[in-house]
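These are the structures in question, set out in turn.
First subunit A sits with subunit B, and in the next complex the same chain sits with subunit C.
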Partner chain A sequence: MRQAFFNRLKGELSAQQLTAYAALLVVVLLVAYPMVYLIEVALRVSAPNEPARYGLDNFSLVFSPRNIDTILNTIQLAVISTAIAIPCGFLAAWIIYRTDIPGKRFFERLFVLPYYVTPLVPALAWLALAAPQSGLINQIATRLGHDGPLVNISSLTGIAIVMAFTGGAVAFAIMGAAMQLLNPALEECSQVFGASKRQTLWRVTIPLMRPALLSATIFVFAEGLGAFAEPLILGATDNIQTISTRIYILAGSYPPAYGEAAALGISLLFIIVPLMFVYFRLLKNRDFATVTGKAYRMASIETGRSRAGLFTLVLVYGFVAVILPVLMLVINSFQRLSTIYFSTKVWTLDNYVQVFKSADHWNSIVNSLILGVTTATTGLLLMGFVVWVIYRSPLPPRVGRFIEYVVMVPVAIPRLVFAFGLLWAWLQFPGKMYGTLWLLWLAYLTVFLPLGVRTIASVVFQLDKSLEEAAKVTGASRFYHLRTITVPLLKPGLIAAWILLFIVSVRELGSSILLIGPNSKVISPSIVEAYQVIGREQAATLAVIQLAVLLLALMVMLRFTRRETF
Partner chain B sequence: MRAETLMGYELMATAKSAAGTENDYIVEVTDLVIKYGSYTAVKGVSFKIRRGEFLTLLGPSGCGKTTILRSIAGLERPSSGEIKIDGAVVYSSAQGIDIPAEKRDMSMVFQSYAIWPHLTTFENAVYGLRVRKRPKEEVRRQGDWALGLVRMDQYAERRASALSGGQQQRVALARAVAFSPKVILFDEPLSNLDANLRVQMRSEIKELQTRLGVTSIYVTHDQEEALTMSDRIIVMSEGRVQQESTPEELYNFPGNSFVASFIGSANLIEGQVEETARSGQHVDFVTKQGTRIRALDNRPAGSTGEALLALRGVYPQLEAGHGAKEGANRWACEVTEAIFSGDFIEYVIAAPWGSVVVRRPPTDRYPVNSPITMSVDPAHCVVIVR
Partner chain C sequence: MKVSFTTGIAASAVSLLAAGMAGTAFAQDAKPACETPTELQGFLTCADVEAAKKEGAVVLYAPAGQAQQLAVLNEFNKLFPEIKAQSVWAQTGALFAKVEQEVNTNNTLVDTLVLSDPTLLNDLQKKEVLTEYVSPALAGYADVNVQSKPKGYWTSWGLVATTIVYNTDTIGENPPKSWKDLAGDERFKGRKASLKNTTSGLQFAQWATLADLYGPEFWTQGIAGLQPVAFDSFTQQFDRLVGGTDMVAINGQISGAMQYIEKGAPLTILYPEDGVPATLEGVGVVKSAPHPQAARLLVDFLLSKQGQETIVKEMHYFSPRTDVAAPANSGAPESVKFLVPDWEKMGDRRKTFEADWQKVLGQ
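Let's look at the complex of A and B:
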C-alpha cells in the first residue's frame, strides 16, 4: 500500500520531468540549430555546392575597407541614436510619470507606439519629409529661397535621428516601468527635507533610476547595432551601409557571399554579446530595494510655472516622433506623386486599388495575418510551457536557470543575422522548407522567444501563488484548479501576450526579408520591395494598411493590459 | 545633558521654557478640509501644537490622519483652511498661499522609512544639511552626532539598502533630527516593525524627543503607541476630531462611544441619566433593565435623553460569593466565562443589566458559573453621549 503510493509519486514526477526536458530540447534546438550553421558557413571556404572545406578566410574579409567602413557606420549610428534616445526617453518618462501635466494617459500610449509599428514607418515618412532633394521640408525651404537642402535625412546623423524615434519608445517604456515601481516616498522625503525639485531629480530620482537607465542604454544600443530598416531605406542615396544591410546585400548578390556575410554577423556578436551579458546581470541583481514589484500610485510633482513648458515639450516630441510620420505616410498613400505640394490634382485612391489588385501584395497581407495568428497561438503554447518549466517545474533549479539563459540568447543576436543562420541551415536540409511560410514561422517562434517568455512570466508572477494553493488545499485536482482558478485569472494577461506576439509577427522585417520566397511573401519585406521597385506611394500605402492592422490589434491589447513588457 | 550635545536644539529648549508668549504655538491648523473628488477625507479640523509638544493623531485607517500630516508637510494640497508654521502662513485657501514642502523647514519619518537605497547611512543622515549647503565641517559633526544618537554610527559607511528594517528606521530617525528642523512629522513609523522591535523603538523615539525637546506630530492607529508616547492625543474618526486631551484623561473620561471603544476596551451600557439625584457631576444612571449605577456625567452641559455608560474592564472589583450587603454600585453577579490571556484573565460577568467584561490579574481565579460580587467606584463609571 505504502510502496504503491511512493511508486505512483515517483512515476508522476518523472513524467513531469520528462515533459520539462522535452521543452528544454525544443528550445535548445530552436536557438542552437541556426547558430551552429551560422558558424559553419562563416568558416566554410568552399563554394556552396562543393564539398565543405573550412578556414578563417571569411574573417579576413571582414577587414576589407568596405566592411570596416560598414562596421564604423554601424557603431556611429548606434552611438548617436542611443545618445538621442536615452535622454529623450528618460525625460518623457519623468514628465509623464512624475509631473502633473495633463493628458498623461494619451501621451503614455502615444510614446510607445513606434515600438509596435515597423521602423519602416518613420523611415519612409522621414524620407518623404526630409530627403535632400525631394523631401517636403527641403522643397519648401528651396521655394523660400534657401540654397541647397535644409535638412538631409540620408546623412549618418539623419538616419540616427530616425532610429532614435524607435529607440526612444523602448527607452521610454523601460524607464517608465521602473519609474512606476519607484516608491514616491523616496522623492517626497527629499522634498520635505528641503530639496528643491531640481535637487530631488539629481540627488534622488536619477541615481535611483541608474539601473533602468543603464539597461535601457544597453538595450537601445544593441538594437541600434542591429538596425536594418532605417539604413536600408534612408542610406541608399549616400550608400551608407550597416552590418545588417551589408549582410542582406551580400546574401542577395550573385554569387551569394554567404561566408563573408556570416563572418560579418559573427563580428557583430563580439560587440553585442558582452553588452547583453552586462544587461542580464543588471536585470538579475537589482540590489536597490526600490523595486518591490508593487506599482505605486502615480505621484505627481507640482511643476507650477514650468508646466506649460513641459507640456509643450512632450507635445512637440509626440508630434515629431509619432504623429508627423504617420500623418505623412497617410498623405503619401493618397498621392499620385509623393510630397509635391498638396494641389488637388495629386489626390488619388489609385494606390489602394493597386494594392488590392496586385496578387503579390494581397498575398503578402494574407500571409502576414496567417503567420501572425499561427505564431501567436503556437508561441503562446510553447512559451507558456517554457515559463512553467523555468519557474514551476520539478527540474533542478540549475536546469531552470540554463533554459532561462538559452531563451534569452536571441535578444543578443540581430534578427537579420539570426535569420541568415536559419536560411543557411534550411538550405542544407533536404526537403522543401525554404520558401515556405513554415520557415518564417520557425524564425518568428525563435526570435520572439525572449519577448514571449518574459511577457508570459510577468503575467504568471502577477498571480499570487496562494490563490492556486488555496484551490489545492480545498481538494481540487490539478486539472480542476487549472481550469477554474489559474486559467481564468491569467486570461486577460495571456490574451494580451497573444496579441503582442501577433503584432510583432505582423510587423517583423529583419528576420523575414531573407526567408521569404516567391510564394511566401509577408508585408514588411513587401513594403521594402514596393519602395525599391514601384515607388514611395505604393510603399506608403502598404505601410498604412499594415499600420491599420497593428493599431487595431494594439487597441484590443490595451484593453487587456496597461503595462508594456520588453 | 551637556549643552554642546544639544547642537541645534539649544534654542528650542530655551523657547520651550518661555511659555505663554504670542509665539507659543508652532503649528496651527484651522478649519482644514480635504476633498478627493466627491469624497471628503477631512471635514473641518482645527488644532494647535505647542513648542516641544508631542502630539498624536490617533484613529482607524481612513480617518484622515495621514492626510492631515501630509498637508502639514506640504505633500498634499488641502481644499480649504489654513496652516501656520511658526507664525507664518504656509497654506491658506483664502489668501491663496501654498508654500512648497521644501520651504517649510520640517522633517518627516515615513511609514516605509524612505531610506534612499543608493546612498550610505551617513549620506542619508546628512541629506537635509547637504541640500541646505551647510559647511562640510558642520555636516560631518551633525551627521556623526545624529547617527550616534540612534547608535548607528558604526554603520555610517554601509549602503542603506543593506540595513535591516529596525536599522533603517533608526537611520530615518537620525536623518529627521540631523538638521534641526522646526517640527518632525511621524507617519506611522513603527507599523512595519515586528512587535518587540516596535516596543523598543517606541521608547527610543520618545526618549529622543524628550531629550531634544523637538516638536513632534505623530500619526498612528495603535492606541498603545499613542497612550505611551504622547503629551496630547487627538482622536479622529471619519475626518472629524472626536476628542482632544491627555492620554490619561482620554482613557478615563472618553468623550463619546467611539473614543470609549477605540481606546482600551470599555463596556458600553445603554440607559438614561436621572437628573433628580444629581450632585455636581455625580448622577444616577438607570440601565434599560432598571439597574441604578452611580456615575460621573461626562456629557456636554445640557445633554438629555438616552445616554451610554462606559465602564473600563480593568476597574470593577470582584469578590467570590454573594456578600450580605448590596450597596451603591455593588451587585450580585455570576461568572459565565473566563478567558486566559497571559498578562490577565478576561472574565465575562452576568450583571443584572447584561454581561460585563472584566480584566483581572492571573492571580485572581474565580470558577466559571460561580456566584460573584462586583463593585465599582462611581468615578470609573462615565456617562457619555450616545
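Let's look at the complex of A and C:
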C-alpha cells in the first residue's frame, strides 16, 4: 500500500515538485513548530501548574494603557529609524557602487561594520558619547563653557538615530548586493536620451532597485519594531519602553508573565503581515531583471564636480555612524571607569588581560566562528533553495506565496519572544540536541530565514529568466546551467548574503542566551553579562574582540573568494 | 564583624540572631543527609566522593558574573581536579525558564542551580525540580530566611545587600546618614537618585523591608517626591553616579559598588543603623542532575567556610555563615543589621510592590 502511495505520488508529481514540497516541509518545521508553542502559551489562561485552559485574556492585556503606550513608542522608533536608515543606506550604496569616488573598498567595508556587532554595542558606545551629563561630548562641551547637555541620546529621537546606524548598515548591505548587479546600460540609455544624472537616479536606478529597497525597508522597520538593546540602555533615563523591553520585564517578573509577553510579541504580526502583503503586491508582476544575456561592463558614473561633495558626505556619515562609536568602544576597553576621561589613573590593559586569560571566552569565540561559518554556508544553500522554490519552481503560485509568508514570520516576532518558542519547541523534539551547537545552528537558520531569503531573493530577481531558458534550449542540464551561468552571475550578491548571514550569526544574542549549554557557549551573551554584572569597560573589551575576530574572519574569507573567483 | 538578621519586619515577631547563636540552634534541629559526613579537603560532605569523581563533571547555572563564578569553581577544581566544573551565566528569569524546560523535557544539563529570587526557588522546590540535600555545612548557618523551608532544598550562597551609595566628590556637605535623610533632600530631587526596576529581586526586598520599617509612605511619598530613575543593572546606576549624572543610588548593590571602588571610583557605601536590606542568591541540587554526587559535593564546598570565604573574596557578597568575615574593603562597620524579608510571604506582596513602584517612578 505504501509502495502504491509512492508510485501515485511519483506519477503525479515531478522530481522538481517533490523537492519543492520537501523544502516547504523544512521551512514549516523550522518556523511553524516553535510558533505553535508560542501561540499555545499566548492562549493559555491557566496557571502553569493547573490543567490547561485557553482563552483570549492575554491578548486583551495587549490593549492596556501601558501596553498601548509601549506599542506607540515602538512604532515611532521604528518609523523614525527606518526613515533615516533607508535613504542613508541607499545613498551610501549608490555612491559607493555606482559612482567614481575614491576609497570605495574602504567605505564598503566600513559601512557594514555596525551590523557586525550586537546592537548592545552601538547603544553602549553612544551612551558613553552622548549621555546627557556623563557622555564624552557633553563633558567636553561643559568644559568649553556650554551650559547644560549639548546632545541627548536618551531621547526618543536619539534612540531612533542609534537604531538607524545599525539599520543603515543592513540597508546598505542589502541594497549594495543588488546595486552591484544593476545593468549600467539602462542608466547609460537614460542619459543618452537626455536625462540628467539626478533624473536617471530617480527614474531608472531607484525603480530598478525596488525589490532591494522594499526588502531593506521591511527589514529595518521590522528590526525597529523588535529593537531591544537600544531602548533598554538608552531609554532608561526617560523611561522610554518598547514592546521588547516590556516583554523583557514581563518575562522577568514573578510569576513570569509569559502569556502576556507572547501575546504582545505575536501582536506585532498584525503590523508586519499587512506590510508584507503590500510588499508582495508591489513586487507582483514586475520585471526587475537587469542581468541578461547581453554583455556589459560595470562602469562607474562620472560625478565630476560633485565627486568631492559625495566623498565628504560618505566620509562624514562613516565617521559619525561607524568610526566614532567604534573609537569610543576602543577607548572604553582601555578604561577602568568608562565615565571618567580626564584622569591619567583610569587607563589600563586589565580588561584585555581578564578576557584573554579566560578559557571560557576563547571557547565562546571559537564556537561563534564555527556557527557563523556553518549557518552562513548551510543557510545560503537552504535559503537559496527556498528562493528557487518560491520564485522559480513549478509549484502553484499559492504555495509559493504561502512559503513567502511563513518565511517572514520570525522577523515579525521580537527575538526575545521567539527565543522562548524555540526553547519550548526544540527541547520537546526527540533526540539530544539541547546543549550542543546543533541546536544553536537550527535556531540561527530559523531566525535568519527572513534575512537570508529576502537578501537572496532581491539578487535573484535581477537575473533574467531568459538565461535559464537559453541554457535549456541549448541542452544544458539544470546543474550545469546552475554551475556555469546562474551562480557565477549571482556570485557577488551571494557572497554578500553569505557575509551577512555570517555576521548576524556571530553576533546573535536573543536565542543564544536561552539555548546555550556549558559546552556550547557563544560570545554575545558574554557581552550582556559583562554589561549587567561587571561593567561597560569589559563589555566594550569583548565587543572590540568580537569585532576584530569578525573582521579577521571576513578578510580571510574575502581573500579566499577573490582568489578563487576573480 | 557581627552579623545580625531581622526578618519578617512588619510582624512583631522580629528575630535578631547574634553571631554564634545560629550554629547551636541548627545543630539541634538539622538532619544532615548522612549521619557521619566525610571530611576531606577541609570541609564536610555527605556526597559519595568516589562516585562524584567518576561522574567527572559538574555544571552550575548562576546569575552572578561569569568571571566570578569561574573563579569560585576554579577553587573547587583545585581540590578535585578529576571533576570538571563548568558554569552557564544568564539572568534569573532566563535561568528559571531554561531549567524548568530542561527538567520537563528530560534534557537536564544543570546539576547545581543558583537563582537570585527566593520566590522562584520556592516555586522550583514545590515543583520538585530541586531535590532535598541537607548539607553538613548548614551547621554553620544562621537559622533565618536564608534557606528553604524545610531546609536542604536551597540555601543562600551569599547575601546580596543594598544600601545608599553616593559619589564622594559630588555629594558636598552633610551626606545622608540614614534612610530617612533621603526624603526631602533637594540635592537628590529631579531624576538624580536611582533605583532598580521591578524585575530586580533586590529592589523587591528593599521595598518590602523599608516599607515594613517606615510604612508604605516612605516610598510612595518620600522617595516618589525625589522623582527617581530606575534601571535594570547596577552598572547603569554606578556609571551615572561616577559620571556625575546622579547624586545618589538609593538601591546601591554593595557588591557592585565594591567592584567600582576597587577600580578607583569615588563612591561611599553607607551602612544605616536601621539596617541594610538584603536578598540572597540560593543554591540547590537539581533532582534530575546528570552528575548528582558531584552536584552535592559542589554544594558542600560552596556552603562550607572555605567555599564561603572564596565567594566573599571573589563576588563581594556577605556570607550568611556566622564564622565568615564581611568582604574586605566593604567599609562595613563592626556590626551590620541585615533586613531580610520573609520570602514565604513575598509572593502575595508582588502586586502591591508593582503598584507602589508605578507611583514612585511617576508612571
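A few notes on this one:
Methods note: the second predicted complex is superposed on the first by the 355 of 566 C-alpha atoms of A that agree within 3 Å, B and C clash if a C-alpha of one lies under 4 Å from a C-alpha of the other, contacts with A are read in each partner's own complex, and residues count from 1 in each chain.
The rule is short, and it goes like this: a contact is a pair of C-beta atoms (placed from the backbone, for glycine too) under 8 Å apart; a residue touches a chain by one contact, two chains touch by 3 or more.
From a predicted model like this one, the values you see are computed outputs, not experimental measurements.
For subunit A, the partner that touches more of its residues is C, with subunit B and subunit C as the two candidates. After overlaying the two complexes on the shared chain, residue contacts for A:Ser64 are found with neither subunit B nor subunit C. By the touch criterion defined above, A:Glu188 lies against subunit B but remains apart from subunit C after alignment on the C-alpha atoms of chain A.
Contact with subunit B, but none with subunit C, is seen for A:Gln199 once the two complexes are overlaid on the shared chain. By the touch criterion stated above, A:Ser306 is placed in contact with neither subunit B nor subunit C. Of the two partner chains placed around the shared chain by superposition, subunit C is the only one that A:Ala131 touches, whereas subunit B remains out of contact. Of the two partner chains placed around the shared chain by superposition, subunit B is the only one that A:Leu208 touches, whereas subunit C remains out of contact.
Subunit A has no residue lying at the interface with subunit B in one structure and with subunit C in the other.
Across the complex, subunit A meets subunit C through its residues 49, 66, 131-134, 232-233, 236-237, 239, 248-249, 251-256, 258, 336-340, 345-346, 354, 358, 360, 420, 423-424, 427-428, 432, 434-435, 513-514, 516-519, 521, 525-526, 529-536. On the subunit A side of its complex with subunit B, the touching residues are 183, 185-186, 188-197, 199, 203-204, 207-208, 210, 287-290, 302. The residues of subunit C lying in touch with subunit A in their complex are 59, 63-67, 70, 86-94, 96-98, 101-102, 104-105, 107, 109, 117, 119-120, 123, 127, 191, 197-199, 229-236, 239-240, 242-245, 256, 259-260, 263-265, 347, 350, 354, 361, 363.
Contact residues of subunit B toward subunit A in the complex are 73-75, 100-108, 110-112, 114, 116-119, 127-128, 131-132, 159, 161, 175, 179, 185.
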